[in-house]
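Presented below are the structures under discussion, each in the form of structure tokens.
Same chain, two partners: subunit A is paired with subunit B first, then with subunit C.
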Partner chain A sequence: MANHQLNSGNPRVDIEYRRKKNAEDMRYQIVSFSLMMFLTLIAFAAVAIKGFEATFIKPFIILLAAVQVIFQLYYFMHMNHKGHEAPKLFLYGGVTVGFTIILTFTTIIWW
Partner chain B sequence: MHVEEKFTHETWPASPEKATLEAKNKFLGFWFFLGGETVLFASLFATYLALKDRVPNTHQALAKDLFELPLTFTATMLLLTSSLTSVYAMYHMKNFAFKKMLLWLGLTVLLGFGFLGLEIYEFNHYVHAFHHTFTSSAFGSAFYTLVGFHGAHVAFGLLWIITLMARNAKRGLNLYNAPKFYVASLYWHFIDVVWVFIFTVVYLMGMVG
Partner chain C sequence: MSTYAKKQGFGATLWDFLTTVDHKKIAILYLIAGGFFFVVGGLEALFIRIQLAVPNNDFVSAGLYNQIMTMHGTTMIFLAAMPLIFAFMNAVMPLQIGARDVAFPFVNALGFWLFFFGGVFLNLSWFLGGAPDAGWTSYASLAVASKGHGVDFYLLGLQISGFGTLIGGINFLVTIINMRAPGMTYMRMPMFTWATFVTSALILFAFPPLTIGLVLMMFDRLFGAKFFEVSMGGNTIIWEHLFWIFGHPEVYILILPAFGIFSETFAIFSRKRLFGYSSMVFALVLIGFLGFMVWAHHMFADGLGPVTNAIFAVATMAIGVPTGIKIFNWLFTMWGGSVKFTTPMLYAVAFIPSFVAGGVTGVMLASAAADYQYHDSYFVVAHFHYVIVGGVVLALLGGTHLYWPKIFGTMLNETLGKITFWLFLIGFHLTFFIQHFLGLWGMPRRVFTYLPGQGFETANMVSSVGAFFMAAGVIVLLINIITTSVKNVRVGNDPWGDGRTLEWALSSPPPFYNYKQLPLVRGLDAYWIEKMEGKKGLTPAEPLGDIHMPNSSFLPFMMSFGLFVAAFGAMYHGEHGTWAFPVLFLGLAITLGSMFLRSVKDDHGFHIHKEDLMDDDEKGVKA
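Take a look at the complex of A and B:
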């Protein structure tokens, strides 16, 4: 397998380019971490501040969780990088089955 | 490029986690496993949602009696931060900085132990202060199965990362262990993904009522 990054004939130049790219990638990670922290704080605040209707809070915090998980998957777990077609298939396959289970259990089961 | 090859900063590949055939297989297989884990946790969430607050008599504690914001918040902050520290570890792995990677993995492990300690305290508190146990109600069974399964994943993740660090401490980074570290960090992130839904669906929605 060729090391396709070393293509300028000068390893020094390539190293600097890759370092810069990794550092840039890391900056996006920090931004997404800040956003995740922010979403978490909003979710906790929505529950801590008593005064909102439960019918509003519940869908609202679930939406916040879904957004946060997308950041986690696409940035922290690198699903935004190339070569993640199969992981997406596996994960979304699991999510589809899992969503169906949750839908079933919360609608068909009653006591 | 083979697994035993010695690398330098300059020869280290850009995507060491996928540089060998074994690494590619590991990467693919692990994501397949995570797809299965998604189904596992979804079914535990479904069970919890169906059995939430189903208790045999009025003396038993319900979700809104049990959960407290400060504890859940602290646990969430610990686990969320540990997800970031493991991102830092993989950043240093890609830059062939083995010592720095170990340092950040060490931080991840410490934060993980903090989270696990809080969870043990929490379960102990529920059992002794509320008599909320695995067998006290359907609610109790569903709660401890879901949150306990997640806690077991945290414990396993900690063991996994510690073992990798100890086993490879003298070896340094190569294409044999880089994919192992990468996959372990994916597992750690997945644990955080599950926790995001646990703190939202179990704790926050439980407190709302």
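Take a look at the complex of A and C:
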């Protein structure tokens, strides 16, 4: 109602807990960041190293990209935290609809 | 209170509506604009039926017939049914969830003005060299080859009004997710709010494909691109896919709010809780989900191949299951209820057989093999008019009677309402029932005339007579609206006497801040619960305090007006480059300038103070 400040000046905020939680988050972020770097290196390597067919490289890179998007959303954009149920629902809803459309187009228009 | 209530002149009222960000006033704007386009689309329907009443008629020429037919479909779907649905969503949904407004009031106003200017732009085509003439689906090969600027009006007009619909849908989603009153869990939301939620999600996913399709075709027609030009390596089928990926969810965008209005009507006038509430929610969500998986059933005759046709045929038939769940739940709601046949209830009861008839022909059309027979015949016309008129239009007319007191504070005359209902219902079945047979006898759709001696004469005459019954019904409704407004007999909070959801606990029309104190929702049909416990009003969830309100703004109007101006520049740049380019840039400058102004100007709104909210007697007690 009247402008209550809900986020600051609250005496019951547990600073110790917050600090621990933040440290944990930071650890996850660094782990996922190094994983993403690693995946990017693999993607470059797949193209650079001779001997892989284009039919293998293309889906492989797309797969790596999908994994990176998930890392990005869940760890860097905090979708793994609570309170993101509605964005998740709509994100996955959109992905489902988009995937159906692409699947249909690739099978009946561009085959 | 007295500080806010003042009598206004006409100029002040007009300015108030041009700048308003209040969801209740925007609802009235949608109702007026949508009602106007409904009448325009209805007149076009009458011209169609006059032309087809007798064989070899020359009431309109073949070219003009194509324009009238195209504009009838486009106007009725985009400029009449959608805005009228938005009118009810705006008027009722925030009240039903116990909110003071939608999440983004400014964006709400912007959505209306975008729709309005898009619609005006589209209809100006009548005066500027001819309307679009490629059908409301505007299939690419035909539309790209269409002479003149008709189809350009279609592309640019729908693009602008489509933006408005999209941001309106997003606004409703955010509102329902974030602004429900304390205690209003998802499974306590009224059915109309649920319908608004699912509809808005469909808008969110369905409109971008339309936007893309319109952009591609705009580039083909105005800027020399070849996306749909087969001889240049394009693909004309992609337009059909993009259009129907939008177009099929679009028909659910229209019908789901209609289901919502009828769910409310059945519960109110059966004086019973809606039967099978959770299965109703489930069916609603399932229909919304399946709506995206069936678009190719509009393209069975394209030659997509038997596997594709079979998959989409089965998916389409699956939609009959959740729809059947809803039909039975409505029947069971009435079963054992103490049913009152008011005007809205008559519409609701008549909707069930009418809509089921449309649904049955839908399943017939969904059988891909049989569809080759029905394809492009009047059978299809009969089918979609049975679902759209028998479902959506009956809901809009019923909803107009049901929510009129909540929107305007007066009660539409029941006798005139029932006359409207019977004229419209009889006219509707007279017009469209016979068209099933016309189609099965072989009359193709989208033809401007037919020859005598083919056995189509009597049926077409019957159909045309029916159209005039519907027109008479709408005229009686307009008379009803005028007399009611002139008499101006004010009604109380719950004029139907059996309101169940939160909106009926508020005065009619509600104060501009809706709820003095946000209500505490203690279950489904929150107001009914309070009434059954003998309470007069809602249980408040918070102490009385200052209310933060948004300021009115003229910027939404200007942003939309800029796009309207720019559209003329984009359309005429080919042959009138000297003035068209400056107009294009002027229009974009108006829009972007207004957006810039909105961004740099701090607008914190204002507060209604606690003292102004207290009634005189409350002050007396506390002073």
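Basically, the second predicted complex is superposed on the first by the 96 of 111 C-alpha atoms of A that agree within 3 Å, B and C clash if a C-alpha of one lies under 4 Å from a C-alpha of the other, contacts with A are read in each partner's own complex, and residues count from 1 in each chain.
Quick note on the criterion: a residue touches a chain if its C-beta (ideal position, glycine included) is under 8 Å from a C-beta of that chain, and two chains touch if they have at least 3 such contacts.
Everything numeric in this text was worked out from a predicted model, so none of it was measured.
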### Query
If you stack the two complexes on chain A, which partner ends up touching A:F90: first (subunit B), second (subunit C), both, or neither?
both
### Per-residue contact with subunit A, leading partner among subunit C and subunit B
B
### Task
Figure out whether A:M26 sits in contact with subunit B (first) or subunit C (second), or with both, or with neither.
first
### Query
Should A:T104 be classified as contacting the first partner (subunit B), the second (subunit C), both, or neither?
both
### Message
Between subunit B and subunit C, whom does A:N80 touch in the aligned arrangement: first, second, both, or neither?
### Response
neither
### Query
For subunit A, what residues appear in both contact lists, the one with subunit B and the one with subunit C?
1, 3, 86, 90, 93-94, 97, 101, 104-105, 109
### Message
Could you list, by residue number, the parts of subunit A that touch subunit C in their complex?
### Response
1-3, 86, 90, 93-94, 96-97, 100-101, 104-105, 107-109
### Message
Applying the document's contact rule, which stretches of subunit A touch subunit B when the two form their complex?
### Response
1, 3-6, 11-12, 14-15, 18-19, 22, 25-26, 29-30, 33, 36-37, 40, 43-44, 46-48, 54, 57-58, 61-62, 64-65, 68-69, 72-73, 76-77, 83, 86-87, 90-91, 93-95, 97-99, 101-102, 104-106, 109, 111
#### Entry: Residues on subunit B engaged by subunit A in the complex (per definition of touch)
1, 9-11, 13-15, 18-20, 27-28, 31-32, 34-39, 41-43, 45-47, 49-50, 54, 69, 72-73, 76-77, 80, 83-84, 87-88, 91, 94-95, 186, 189-190, 192-193, 196-197, 199-201, 204-205, 207-209
## Note on the structure
Listed in rising order, the residues of subunit C that touch subunit A in the complex are 173, 177, 201, 204-205, 209, 235, 237-238, 241, 245, 292-293, 296, 304-305, 308, 518, 542-543, 545-546, 548
